[in-house]
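Chain lettering (A, B, C, D, E and F) follows the sequence in which the chains are written, and residue indices restart at 1 in each chain.
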Amino acid sequence: MLHIINKATPDASLEQCLALIDPQQDAVLLVADGVLSALASYAYWPRGLAVFVLSRDIEARAINAYLAPHIQIIDDAGFVALTEQHTQSISW
Amino acid sequence: MKYALLVNGAPLDSQAARSALYFSQALLAREHQLLRVFFYGAGVQLGNGLQISAQDENSLLGEWQALALAGNTELVLCIAAAQRRGILSATEAQRHGKPPVEMLATGFTLAGLGTLVDAALDVDRLITFQG
Amino acid sequence: MHFAFLLRHPPYSKQHAREGLEAALAAAAFGQEVSLYFMGDGVLQLLPDQKATQLAAKDTSRMLQALDMYDIENVYVDRTSLQARGIAEDALAIKCTAVDSRQIRQQLATAQQVFCF
Amino acid sequence: MKYALLVNGAPLDSQAARSALYFSQALLAREHQLLRVFFYGAGVQLGNGLQISAQDENSLLGEWQALALAGNTELVLCIAAAQRRGILSATEAQRHGKPPVEMLATGFTLAGLGTLVDAALDVDRLITFQG
Amino acid sequence: MLHIINKATPDASLEQCLALIDPQQDAVLLVADGVLSALASYAYWPRGLAVFVLSRDIEARAINAYLAPHIQIIDDAGFVALTEQHTQSISW
Amino acid sequence: MHFAFLLRHPPYSKQHAREGLEAALAAAAFGQEVSLYFMGDGVLQLLPDQKATQLAAKDTSRMLQALDMYDIENVYVDRTSLQARGIAEDALAIKCTAVDSRQIRQQLATAQQVFCF
């Protein structure tokens, strides 16, 4: 399952998404204001979970230098690739 | 693969339509098919053809229209959601006893939620862009 | 096909509750198997005796009465969300099955599409 | 006392305009003056005169128009915020090279942020309704 | 200062409002989705703070039975009265 | 008259950052004393090197350069919000005075109007 999150915390979406995530099989993609949850200072992602952010949303907001180390930056084509790999998605 | 999108966020007051546009461009670049984009909720406001883009910003609407031509993609506004938000075709306006002003942007059609259900059944992937 | 709807918003301030239910009813009307999951503030959609007229709004709780008519039988409510709001399972306006996150996760894995409102 | 309101939330996708309406009615009932309501951000969408209210709901726009008449209240849309969201007067449309369709609802005017500043200076209370 | 809150938790508005509140002098009015923060199960209001909810928002959502005991229910005229009493307001 | 603006939203997804700044600039242009308080995700408006063109958006950080021109000198940033995001006070695009909640509360008490974006 690919979880797409577009909202900044605090927001119910994050809590609800985290409650349903399977860190072994699922991936999270942060887009729009959702990328703010990729900051190193926000440390609630379960260990082992694949967390991606969209590069243009990071660059627009100039937060590259503040990202947590395990966050993976992808471009628009990478977003498409994630949707190819995951048969299911939930946009929170 | 065959894709459809559901866009729920308002064009200016959320990033939904902008994010969905870049995703769609990347879809076509990877030679996927984008059959339909269904605009629901506040997302229907993109189809307001009377909108004017400010000089210092690109036209989000124009880019969507170009994308639809390039990808042979249907741009559909949910008719009920659009009506609630004051976006009517000339025909719809007349049916409600208003002057027949065409508000619908070129390239957009009004249709019911059934076309969202159809799209979900026809495609390999349906991706939602929230507001 | 099995379409799952996550209904996460409280009624009335925004259109999510109403438009989520309308989408679910449409999917059922078009012959699809539909399951509903009320979670977060979405569980407030299930409270009886809402007075939508106070806000001149469409009463979404009345739309819930239509679920039967559309043969939507798979109606679930997140137990944790009810508890966090102090709402008893038997205080709801319609019959729902209380489930936990683990059950929701398992059931969503079988859905063709998951719609989130 | 003299009041003005600032309404920032979209009429349907937030409760701002509805809450502000009931507040305004209560203001007049208590014999306060409501000089001006300034619609900003997504709030400008209330002034879209082409909107049609569904049969099962009351007309929020119509109630605002009645309130404005009863209270001798100015209903002002921020011109920049409205333009971004595609809401133009016939004059504005023509100025941008579009057909002169009047989208502005009866009783509303377009004006700049200066009228919000003026209102804030003229009144005893300025109350904001967020989206 | 009258603090007007129209958003449900979790939301940044609540945190930011609480950080600025003076429980001795200020009052909080919950409107629209903000009334959900009046539930007895949400216990973060500082002791002694006056918290009001708008009756029509409570009735529409049918949450009367779930309110915390110290919450005061007011009608539209009561809302106006609060704005008369407080020379300043912040709508979060 | 003294108008205070609380700027609480991050740039770009929504119009709050842009429309809040435009309102503040308008108040200054109309001769009022204006103070700005960046707090919560609003502090992200202050980061240098934003690339708004990535989203074909108006660059709100460039609007900040106009503050001088409008004689807006009272620009404050909430220290706790910066710390929570791991942002140093000297990493910001414009000169701001870092303050805490107590100071903000005291200063707002002197404002004629508090606008919240």
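FYI, a residue touches a chain if its C-beta (ideal position, glycine included) is under 8 Å from a C-beta of that chain, and two chains touch if they have at least 3 such contacts.
This is a predicted model, so every value here is computed, not measured.
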Neighbours of subunit C that also touch subunit B are A, D
Interface numbering overlap (same over half, different under half) for subunit B and subunit D:
same
A-F versus E-F: which interface comes out with more C-beta contact pairs?
A-F
Chain whose mean Cα position lies farthest from subunit E
B
Which one of the chains is farthest from subunit D, going by Cα centres?
A
So, what's the distance in Å between the C-alpha centres of subunit D and subunit A?
38
Round to the nearest whole Å and give the separation of the Cα centres of subunit A and subunit C.
26
Can you give the whole-Å distance between the Cα centres of subunit D and subunit F?
26
Among all residues of subunit C, which ones touch two or more of the remaining chains?
12-15, 41, 55, 57, 116
Numbers and ranges of subunit A residues touching at least 2 other chains:
6, 8, 12, 15, 32-33, 56-57, 89, 91-92
Sequence positions of subunit B contacting 2 or more other chains
12-15, 41-42, 84, 128, 130
Let me make sure I understand the interfaces: which chain pairs count as touching?
A-B, A-C, A-E, A-F, B-C, B-D, B-F, C-D, C-E, D-E, D-F, E-F
Subunit F-touching residues of subunit A, taken from the complex the two chains share:
6, 8, 32-33, 36, 39-41, 56-57, 59-63, 66
Which stretch or stretches of subunit D touch subunit C in the complex?
12-15, 18, 56-58, 60
Along subunit C, where are the residues that touch subunit B in the complex?
1, 3, 15-16, 19, 22-23, 26-27, 29-30, 32, 112-113, 115-116
Which residues of subunit B touch subunit C in the complex?
6, 40-42, 80-81, 84, 112-114, 116-118, 120-121, 126, 128, 130
Per the touch rule, the subunit C residues reaching subunit A in their complex are 6, 8, 39-41, 80, 101, 104-105, 108-109, 111, 114, 116
